[in-house]
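Labels run A, B, C, D and E following the written order; every chain starts at residue 1.
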Amino acid sequence: MTATTAPKAALGVLPRSDGSAKYSHAGYTLTASVNGPIEAQRRDEHAYEAHVEVIVRPAAGVGGTRERHLESLLQSSLAQLILVKNFPRSLIQVVLQIEDSPENDYVNTKLVQASLNFAIMPALVQTAILALLSAGVPMRATATATAVAVVHQDGAKKMVVDPSPREVETASSVHVLAFTSHNGLLLAESEGDFTVGEWDDVYETAKEICCRSTPAKEGTAMVLDDEEPSATDMRQFLRSTMESKVAADLHWK
Amino acid sequence: MPREAEPSLNEKQFVTQALQENLRLDGRQLDQYRPLELTFGDQYGVADVTLGKTRVLAKATAEVTVPYIDRPLDGIFTIATELSPMTSPAFEVNRPTETEVLLSRLLEKTVRRSGALDTESLCLVAGQKCWSVRVDVHVVSHDGGLTDAACVAVVAALRHFRKPDTSMEAGRLTVYTPAEREPVPLSWLHSPLCVTWSFFGEDGETAVLDATWLEEQVRVASCTVSLNKHGEICQIAKLGGMPVDAVVLLQCTSVALVKVKEFSDLLDRRLAEDLKKREKGGFMAELRAENDR
Amino acid sequence: MADRRRINGPAGATIPPVFDDVSTPKLKSPKTRSRPPNTTRKMYLKTGVTPSASGSAYLEIETSATPGVSGLKLSCSVHGPRSLPRSAPFSPHIVLSTHVKYAPFATKQRRGYLRDPSERDLGIHLEAALRGAIIADRWPKSGVDIIISIVEGDQDRETSLLQGDEVWDMMNALGGCITVAAAALADAGIDCVDTVAGGVAALVQDAGEDSIPTVVVDPIPSEHEKILAACCIAYLPTRDEVTNLWFRGDLPTSDIDLYTSLVEKGIQASKNANRVLVGCLAETIE
Amino acid sequence: MATGHPIVLPGETIDPSLIPSHPKNPLRLGPGLRHIPPTDIVPTVAGQLITNPAKNSMWIEYNSNRYIPTPSDLILTQILRSTTDAYLCLLSPHTAPATLPHLAFEGATKKTRPVLQPGQLVYARVALANKHMDAELECVSAATGKADGLGPVGNPAAGSGGCAFDVSLGFARRLLMARSRAEGGVGVLEMLAGEEGGGLAFETAVGRNGRVWVGSESARTVVLVGRALQETDRGGLGLEGQRRLVRRLVREMR
Amino acid sequence: MSAPTIKLPAPLFARLSPHPFLLRNLTSAADPSRPATRTNGRGTQETRPLHAKASSLSHAHGSSLVRLGDTTVLCGVRGEVLPVERVPLFRPVDRGGVGLGRGELRDYDLLVPNIELATGSAPQFLPGVPPTALAQTLSTRVYSLLHSTGMVGVEDLRVWSKPAGGGEDTEMEGAGEGQEEEEGVKEEDRVVAYWVLYIDLLFVSFDGNPFDAAWAAVVAALRNTSLPVARWDPEREMVVCSRTEKRQLNVKGLPVACTAAVFEEKELGEVGTGVPEGRHWLLLDPDRLEETLCREAITMVVDCSDGETRIKSIEKQGGTAIGRELVRGFATIAEKRWKEVQGAMK
């Protein structure tokens, strides 16, 4: 249940919503639906841009304060990517349903938990982006995200990509970073105890995972065959997923 | 949020007319279900049911808590149903709609009140501590037949679920983590399932199984029968609508039994398959290995 | 059902600390009043504590001599006058909405975040007291919100056993609310016919069951053996009008004048409060 | 992907060599592209980049489910209710209604205006669409004053309402192509009417908003056509597949 | 709006079109050598002085009042007793086991922070409504940080059956659970209850940057929290507290939050390619107006108590203007802030 398991995704899994994606990686399985642009309610209607609403629903129990926090993080990130100016007075609604998440065998998990759940953030970002792409919502860029934990094990310090809940618990610090397809740092969340230097290393690791394949020239991604896929290349994953989707849509051409 | 728009006059008129000629828009027989599929998640207690375009997800969880004062020897068992905007933007968070209320009430009657789960087995320390078992039902995609699909999901999730093992020594309760002791299944008594009939025509003469969302919007009456594969009926709900001939209802229930048997078989089969998968070092082993390093 | 919008504590209920009173017997005997019966405690009033509000004020009533007896700390902010929401019906005069809330840490017992009946009562009394003072028809179709947070309730912490004296504490709280709200309203520049202020008087029995009850202003429950009755009065000095009178308790039928004297004392108390209020406002004008 | 039509993702840089550079005609950008001054042209959706040097135009070919009204699109809409001078119509679920003026029908005047029931399906053209306003529809060509096929479809009251079927926007577009068989690769309708379908008699009104109305004397035919359309769309069938599908359906539903 | 031809009184201008107004303020510096100033007269890197004083709330076990410019927040910490019978998943401590300490705090919900904005602290927060998304987000962040920093040691919150036990334990707090358990074994001294700390934050006045203020208030309040010494009374079979004896809470370290928002020249930077076009400014300690005009923000929590700078948390969201370099650089800004706040906390 670590980086070794490659991410899986399926698009358009919900026939009744404009766009949808089912994504599973590192033990997390999520489904996202995107509807929009649709009519916005009075209270969140903006005269010059679309209102982006993000709803995160836990697999078990009613959402609590921490879901609201995750929502606000996603909302502020997605609103940056979506061309909200294209659809004034309207609403673009992203609903994320957590279906399955790895559990920590060493504790009996409680239903309501208030503390931040770092490990799930990348999956949330990835799924939302895929759903938006499948809905054909105009965006200025895509994004990729990953989680990295710094674990101190018998003196040695090592970085764990896509840490398990257990690793998160024992890690000295946990980090989530998201990059736009233009290599801009879109989201950076860190918690624990670390130095600037450590964060820098984390940044390197995360960037390697999120931004490996260079932005596509002539549209076709430069698949670097010679390079052995050490860790998952999120951007390449995103691209290949979309390529197969588009190919399927345009089979008739 | 804008309300769900009614189907057009043309559709309403046509659906009814076609049914009188035993025609359904998707070419099914009147008493034919859409293909029903059931899968389980990596974790215990996650069931994913698809019925045509309808998809329902159920997740079972258990927590230790304080029993209700009036029932000190019973555990707590709740089924939570919420239709999120994922089902349709017409649904708002924390704004229960009629669909939602009816659905949860039917599940409540079918699974909880019929004593499918032995709640006394959930009691840990009389009057002090007990298990609270909770099933969250997520309607991911709604194209009719919610009740029937959701019921399968709930039952499947509960039968698949494992709760942490416990022990009592010297009057002190210990709840073991999965790492210490393999979790244990719930004590399950019987598996009631729902079969919903929809009635069409001026005096509801045409009875149809597993109506789609469009058909549900046009139907004149509906009736949900809940029973287990032994033919024991747990509840029958015909909530208003056109009056329907009693004889017709009787025929419905007998057909329902056939369907329920089919569903039960599917359930047993899938559960067995999943068990096999886990036994030969499936997910848990992997997790354990990963935790140990 | 736990509040899903807040961070809830443990599932099992928690107990406020229970003190072993045996170890400190001296505290059990009721402290005696440290002030003469007709003088109020010192109060400190300040306006403009919430700059983003159209008006605001902070009131603190000196903690009395005895240790562990806390004073009253109130913070009030006024928003408006602002136009009523489109949904609201037409109103020829300004619509007052008052909201009084104890902070969770304001009293002996931890207060929840949802308003309880007593807090609603305070709101209603306050509303009545202010309505009489504001020149309401100057702002048709508009509303004003008056929000008071009781940061610290006037309560004795040491007496762990409650002798059902919350109601008397509420009296004092209301008195303070009225005064602080008046200050905030003035700070917001909302015209009033006069500066209203609140005062409390009580009929107390200090020397045993059959002693002669006496009337005192600004009572502190813990300083008296028994409080028979009390009243809180909102009073407009220059007009000599009472806008709100809240009486509680029972008076010995033997003496009819008791009631009037109680009210008079209450008025006297509110006059004292008024002096502080006017003084504070005068300062801010300079 | 090796073709000259690469697949692009939002924000990716398009190789300048792909951007047609016609001496005279100005460059025309189709859906899915935005121009960032001075020279950047950036895709905003995931799809296939199509360029047409002759017309000096380029756009992104992609499929989606949410219809965004564009002028002169033919759409199948549903009357919600009538105001004093216009009908409010539903273009796609949960969106603000479009307006269809009472006078925007062939030969309609203050006196003689068509009376349409709420829920009635209408085949119309988008007259006006702009992101800051609700779309406006018409059932008459401003030029000729003729309806040319636009107006209410079917007559539910008379029991001949026909039925509407949902398809993907991409499929609707292909159906509407002038030479849909050659360019769009959809022959299913022709086949149904032709020998594969045993010459079924039916009429259709294809809406760009992903709704297709099918009318016929026989309900059986309506269902058959509807299923054929939906299954072709969902299954992503090629011409041969469509032929097989039609044959199968006809057999099944005989 | 911002056309120079129109002459508007500054406040009106600010009201009508805040964005151009702030932009004008930042750019209007006659000679580029002079640093840009904000609408509120501060330099871009200039924070508002933070005043923290231990407030004297007599019903709370610890409290503080923090002023950050016109943002005023009041924090009260109150301890209540939670007998172990009421802890559903209670495990006797001496059993050891994984994730002890932090585990207890989290699993038994011993720290309960909540933030109340709906006190009329600003026009947009009216009372009687459930907590807004902002309030909930703030509460979550405080909760998370409380646990991740491990400021409060669980030992301070344990109540032991042996009266003596309690006294010594605190001396050897930090010395780790290890010895604690041994002792537990030999005297079979057991935990009978826990203190639950209710940490309630009340915004008296709101003018932006709520998190920095709230967090400072929490830290200040915890530092002046002392719980009554509690002991197990076998006769009454309950935990009783001493009136006279109090024990100060040992608060580990001094984490300080430092927030800045990014103001972009273009409203919602109409960015096409990677690098954000147009200039942008990093506004330290943003006020209410500035927050409404900024989409991107960064909060860094640092602790320099033991010499070197340790980062406890980074939260950066809402844009791409802040890249690797800026985050790196921000650490030094946070350090500076830490010193200021440390001074204020004394």
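Quick note on the criterion: a residue touches a chain if its C-beta (ideal position, glycine included) is under 8 Å from a C-beta of that chain, and two chains touch if they have at least 3 such contacts.
These numbers come from a predicted model, not from an experiment.
Interface comparison, A-E versus A-C: the higher count of C-beta contacts falls to A-E. Taking the mean of each chain's C-alpha atoms, the chain closest to the overall C-alpha centroid is A. Distance from chain B peaks, on a Cα-centroid basis, for C.
The most distant chain from chain A is C, comparing centres defined as mean Cα coordinates. Chain centres here are Cα means. That of chain B falls 44 Å from that of chain E.
Distance between chain centres (mean CA atoms), chain B to chain C: 54 Å.
Between chain C and chain E the centroid-to-centroid distance comes to 31 Å (mean Cα coordinates, whole Å).
Touching two or more other chains at once are residues 5-8, 11-12 of chain C. Multi-chain contact residues of chain B, defined as those touching 2 or more other chains: 1-2, 63-66, 89, 175. Touching two or more other chains at once are residues 85-86, 88-89, 136, 139-140, 143, 272-273 of chain E.
Note for the complex: chain C touches chain A at residues 2, 4-8.
Chain A contributes residues 49, 65-66, 68-69, 71-73, 76-77, 79-80, 84-85, 106-108, 110, 114-116, 140-141, 169, 175, 180, 182-196, 199-200, 203 to its touches with chain E in the complex.
The touching residues of chain A, when paired with chain B in their complex, are 1-2, 14-17, 27, 29, 31, 33, 35, 38-39, 41, 55, 57, 59-62, 91, 93, 95, 97, 99-103, 105-108, 110-111, 164, 166.
Across the complex, chain B meets chain E through its residues 63-66, 128-129, 172, 174-175. Across the complex, chain E meets chain A through its residues 89, 98-99, 103, 106-107, 133-134, 136-137, 139-141, 143-145, 147-149, 268, 270-276, 295-296, 298, 308-320, 322-324, 327-328, 331.
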